[in-house]
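Note that subunit A is present in both complexes that follow, paired respectively with subunit B and with subunit C.
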Partner chain A sequence: MFYRLAGVHHTRYQSARRLWPVPADRWQVLFLLALAVVAPFFLSNLYLGSYLLPWLIWSAAALSLTLLMGTAGQLHFGFAAVMAIGAYSSIHLVRFGVPFEIALVGAGVTAAVIGSLFGMAALRVKGLYLVMATLAMQYLVDWVIINVPAISGGAQATLRTPTVSFLLVPVDSLVSRYYLALIWVVLVTLFFLNVKRTSFGRALVAIRDKDFAAAVIGVDPFRTKLVAFFTSSFMGGVSGAILAFAYYRAVTPEQFSFNVSIQLVAMVLVGGLGSAVGGFLGAGFVLLIPIFLTNLVAWLAGAGWIAISANLIAHVPLMIYGALIIGFLLFEPLGLAKIYDNIRKYFLVWPFRHSRS
Partner chain B sequence: MNRYKNGLMAASLAAAMATAGSAAAQEDAIKFGLLQDFTAVYTFVSGEYNQGQRDYLTLVNEEGGLDGTMIEAIVRDHGNEPQRGIEAYNRAKEEGAVLFDFFSTPVSRALVDSVLEDEVVLITALHGRGDASDGETFPYVFPMMATYWSQATVLANHIEENEGGLEGKKIALVHIDSPFGREPLPVLEALAEEEDFELRNFPYPSPGNEQSATWTEVRHFRPDHVFIWGAGGGQPVSVREAIRNGISPEDIYSVVWLAETDAENVGADTMAGVKRFEATASGTDTPILQRIQEKVIDADLGAGDAANVGTSYYNVGVASMAVAVEAARLALESEGAPLTGPKLKAGFEMISDFDAEGLMPPITITASDHQGGGAGRVSQWNGERWEPVSDWTAAYQDVVQVEIEEGAEAFRQGN
Partner chain C sequence: MLLDAEQTGSAAGLHPNWKADDHLIAVLARNAHEHPDEVALRERDQGIWQEYTWADYLDVVLAFAAGLEAEGVSPGDIMMVIGDNRPNLYFAMLGAIVLRAIPSPAYPDTPPGEIADQLAREDIELAMGEDQEQVDKLLLAREKHPALRLIVYDDPRGLTTSPPPGTAAFEDIAAAGRERLEKEPTLRDALLARPNVHDVAILLHSSGTTATPKGVPLKHGHLLAGVRNAAAAGYFRQGEVHMAYLPTAWVGDFAFSVVAGLELRFIVNIPESQETALHDLREIAPTLYFSSPRAWSSMLTRVQVGIAESTPFKRWLYQVFMPFAVELERARLKGQKPGVMARLRRGLGEFLIYRPIRDQLGLSRVERPYTAGEAIGEDVFLFFRALGLDLRQFYGQTETCALAVAQSREDISLTSVGRPFPGIEVKIDDKGEILIRADNVFDGYFRDEAATAEALRDGWLHTGDAGQFEEDGALVVLGRVSEIVHTADGRRYIPTYIENRLKFSQFIKDACVIGAARPFISAIVCIDFEAVGQWAQENGISYTSYADLSQKPRVYDLIQGVAQDVNGKMPEGLHVARFVNLHKEFDPDDGEVTRTRKLRRELIDERYADIITAIYDGRDEVDYEAHITYETGQTGVIARRLAIRTTEGGG
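And then the complex of A and B:
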């Protein structure tokens, strides 16, 4: 009823192969996109700047990582380091006089080159051993940033982003920074959705499912894995640069520490491996739920509903958050994206449940 | 029917008035945003520190507030994550907070620009950027206590004056391998040149649970004095390793982050003799602490475990709020209500010779000096508590000033 599948006939391959062949899905996406575009006009600065903006940027980062982890099946526990390389190189490039648009690409390329250097480990090792190799990347990059003042920005280890303009629009107000992030996340999402339909995307999936088998059917594991690391690191690097310029505006090494890598992995896993919806939902969950819970518990305590010590008040949100993660993964191990998928499938045929496939 | 209607209207009117009244009362209160890290990295200090802050604010309110104006603390956890700090900051700012204390270096650093833009006060007692002491460059940031640079000079000065001089000595700086750990290095290097002593630094990897390799090297260096520069779990490890490597406790000097809990972890007797920098007196002998005990703790209004009252970090919290409340008082007196960021900033810059009734060294904050003089003292663990072994002094501020100016210059240029 809601999805109105009746009467949707695909008479050409072109229409059957569209990103959203069902019109209802298309309308939903367009509606959400329209909401996102007009968000600055109805959201207060608090919600735009502290919720929506970081959510979009982290979604782009999570999508970059899920291309590698979900689609290509290569575990990466040092993705924050990739973003750090992007953030730092974009700032240094801009300071060097490079226009911001080119600096963004430069940030992506730098992150991609260094990221695929470490990705070479993936050519020989898999699974937990690859996790170790990428962890090494995280710590090496952290160490280099902290110990080379020329990169980190001197004794205070803080690097502020210079004022820049993107396509002649100055990126300084919250609204302009928001649109910059929105453009990037739309680009990343479109790329992510489309890459799955290309030969490269199918090669990635083949590598994920079994690299020997992929080699047998003619997919070059060497090339595919390397390009997977390159592409994902490129997107991660640009996301890091956007994070620096559009959100933090002052970069310190702690913003890209090991914890952030774990958060990114959590976003991908909680959201659902290899799904675009999952990237958004996972980023929202990991990023925003702790904030909501902290405010909720503080509000409840302020209203006198729960009488516990201040220390416990700070920890209760963590407990709920942990329980939520466990709960969601028990309820649906394939992540939030799968929950969305289940709901969608339910409504696809509602109210004729018997016709469910 | 009509009666019901009238009754309903009267009730709703009363309710509307009640909510308006409470809203007005809330708007009158001065709001301080104490948005700190209670769950991640800074837990070794934030619990006691924040408890001290809130108990002091309760004391002020119990004593009638600032001429009847109450002070309200907005307390939130940001878990040392910049994005959560940014959210908490923006939310508290919408609620009307005029003063912020993040007690986390990454969060403070990420928000310095926003604070300068929004014209609200950020206090960074014992954390954050030391170069924010330059009030001309950082008009809304107030370190208000001795920066790490000043702490290093006070410790060095103690050796110069009480331990037979610095000249010809070998001093080891054993520090955590992070920007914070490296911070005293330039000041000590400048001093080494000036006072002619040999300085070597020995970094140990973060988070500092394992330092044995570093201390073996320190032993080979045979230092006369050792400065330990870390925080949290790394500190007791440093003390234990130093003693195990034959360094006498009397020769160990610590940054401000060494407290009663660390002594317990090392062993109260083992640690006897270790010295540290302190920015505020510990114990409950000072008048403010006694009033807190009497009017807040005994009245059962305390914000946490009464056993924490008077510990080092609790007192730092009390002192930080004492300075902030004094600034608010001065601001209200000279600029009038309602208190805004720029007024509070002016209030801070009017503080002169304020010592919180003996709790801290007298500080004078001016438009150019937001550190307040950089004084502190050295205290020694005597097996039971920290005993001061020097007077409140500031030392070698010329050397510190060089660092402040260099950092501020870099900030102006975009770092």
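And then the complex of A and C:
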């Protein structure tokens, strides 16, 4: 209905293979981007700082993880640890006097190096065993951070982030922190979308589908898996640093504990493995739906629509939230991205029917 | 050359108003000079569109001409061109025209035997084939007609390692020509100055329903006059985007894709293959679209099948808006103006249904959709007009460069074909035959004095079509004059008229009405496999093959219903009383229809004599063995017991 495909033709393969070859998709992306850019001018500080800002940063983190889990097929249950490494490295680098821009890169590199060290396990083990190896990373990193005062500043300490400036603009006000996060998520999204179109991206998919078959056709599994861990951990590390500087403005070890890793995996799975749209939808779902449900239940109870005890008010949203996750995954095992894709195709072939696949 | 000059002299006498240097190549050179970087041609190759500018266009044409001349081609030689639409085939035709040689296109599915006939009939020494398949057929034909000394091919696939003797690649000839052009700096201008408006530009063929095809030579002047008359009537605009997907051997393709393309600087788009033509159409979204009534009808079938398989909600929306729009269009053709509510509803439908369907079909940018060749079904015509396409009919023959009469935006009607273009005179003689006189009427058939004398009398072309003018001056074409038939008790009718009305149903692909000197009218029906197959699926009828499906009693019920509907609209005495579903389709390879799908009645009468006898003997079934010819030239037999039905109230 909204999609117009007649007259879209290409005279070069480059233009045929570009991102969003369908004009309607391009307009949607541009519209959303424009909306994100002008958001600070019409959203209240509460919505901007407590909903939109964390959503963007967690989307970047989810995209980093989905590159590894969705595109390369390597399970990772310790991604919060990777982000923690990034967050702590950047703070220490900045405190050491390194400019923030370089500190961000440093955070990424540190996370990438340590991340790929654990990733080497993936060369030997797969599936559940890899989950165990990455879990080990989570606990090891947690332990090191808590028990090495030089990193955490002490077991119960909270490290405040110093005031920094990014490209000569001080990252201080909410608006400047929001734009920092926006720039990062746009960069991650573009990288993620483009990586799928490169030979490296195709190598990742080959490894995901069957690593020894990929080896037979000339994809080096050792190199590819390692680069996958490196790239994903780099982006995860920078996302952790951005999270620390732009959102939390202070770090404690609990912010990157094991259940954060599980939340990240949930974002990726609910959103849809290996999909950019899925990264955003998954992060939004995991992050915002509980808040929305809590508010809804509290409002319903307050208005007298439902009669529940004060104890239950805290638990009902969680129950609904759990049911929703199960419900969505039962309805469409391939995640929210697939639901979006189905809706898109519904309109793409309007008024005919698309063949379900 | 003396003879040549003499010929040109006498030809110039025929058309004193033509300017000698106003020919196709001059038009091409003008485009290349004035708009060298504008896109002239696009071809879809391996998924992307390769573009040729006007400068490229002229360069390739001249290079090929120079190369061809080195192979010893002289003015007046005829070059057969056979294959699907390809840029190099168009370039080759124009290259031959530069040398004053005459391209003679043939339909790509012509079997080797017919190719050999055409080679012999026209003394052809030179041929251009698209690919290995066409070259193989030409080589077979060469065994019968050894005078064919050079076969040029476009696609070298399968021919590079061991090219058969007497063949050459288009690219090689063009490369040799380029070398010549570089060595002889004056050659380019000399080549451009060679053609003359009185030269024959192309040798086309009238479809020949009764006998072997007649050659129709058309001169530069005829073709340009035809296109200019049509453009003057607003039928074409400058710079249209056009799809070249119809056979090159059909006059319309040469007139639209080459002559109008050159004269009005169209962007001509060539699909990757016949199979991808519909998909490629959507990628291009042309502004000018011509299609036969049959193709429009199959497009309608495609939409209907797609909607039938769609989700309930979309189907419901379609049912809410589409029949409404058809009724609105029907009322509009009767001159009624839609009310405010109807217009609002139409606007909503435009957003929800009409525009999306036009976009799906690739017709969203079409401003000038046309149909011609035979009568178009009321359903089809109204459907596409209701969809928001300004579908119009036109009328013309190979002999008039396909362009003679067309509907304007004001006089749309189902029955008439519109008014003559400016510069074209049309009248009806006392026998009811349509006569045409214009600059785009040809000068006579190829080596056929008798046929020429019959067709051209006092400068008027006798079309052989029966017609009449309506009160408002629009022309109505009734059918072929020669086709008027009388039943045994003297009732007059035109078989095609009844057949077309039967074929308006999506379930009937072909029909042959019989009744000359018979007590009543009957029909041999070929069902439409796709539409009836779909219908059978929906109604839980299992079938194995075309032959099996055609003989199902419920399919007979279906066809009987269609026939009775048609009978209801026909005058008393012209009802189809009995019919038989044939267990095979009419096929040009078997000779029942021509390559443009016109019936060859004598052949059908002869071949299906047993069935026809059974119909008039009043039998209810008949055993019949049909002989069929496969594409490879092999033959086979399909034997079946065919049922014969009597319609209710028929006779």
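Rule of thumb we're sticking to: the second predicted complex is superposed on the first by the 351 of 357 C-alpha atoms of A that agree within 3 Å, B and C clash if a C-alpha of one lies under 4 Å from a C-alpha of the other, contacts with A are read in each partner's own complex, and residues count from 1 in each chain.
Here, a residue touches a chain if its C-beta (ideal position, glycine included) is under 8 Å from a C-beta of that chain, and two chains touch if they have at least 3 such contacts.
Predicted model, so just to flag it, every value in this text is computed and none were measured.
After superposition onto subunit A, the modelled positions of subunit B and subunit C are compatible, with room for both.
With both complexes superposed, B is the one of subunit B and subunit C in contact with more subunit A residues.
Taking the Cα centre of subunit A as vertex, the centres of subunit B and subunit C in the superposed model span 150°, given to the nearest 10. When both complexes are overlaid on chain A, the residue A:12 reaches subunit C alone and has no touch with subunit B.
Once the two complexes are laid over each other on the shared chain, residue contacts for A:146 go to subunit B alone; subunit C is not touched. Contact with subunit C, but none with subunit B, is seen for A:4 once the two complexes are overlaid on the shared chain. In the superposed model, A:353 makes contact with subunit C only, not with subunit B. Of the two partner chains, subunit B is the only one touched by A:249; subunit C is not. Once the two complexes are overlaid on the shared chain, A:199 sits clear of subunit B and of subunit C alike. Here the smallest spacing between CA atoms of subunit B and those of subunit C, following superposition, is 30 Å.
Residues of subunit C that touch subunit A in their complex: 42, 44, 47-51, 282-285, 306-307, 309-311, 314, 317-318, 351-353, 356-365.
Of all residues in subunit B, those touching subunit A in their complex are 38-39, 47, 50-51, 54, 75-77, 79-84, 86-88, 90-91, 94, 105-106, 109-110, 112-113, 129-131, 177-179, 182-183, 186, 303-305, 403, 406-407, 410-411, 414-415. Those residues of subunit A lying in contact with subunit C across their complex are 1, 3-13, 16, 346, 349-353.
Residues 44-46, 49-51, 54, 95, 146-147, 152-160, 162, 247-250, 252-255, 259, 287, 290-291, 294-295, 298, 309-311, 313-315, 317-318 of subunit A touch subunit B in their complex.
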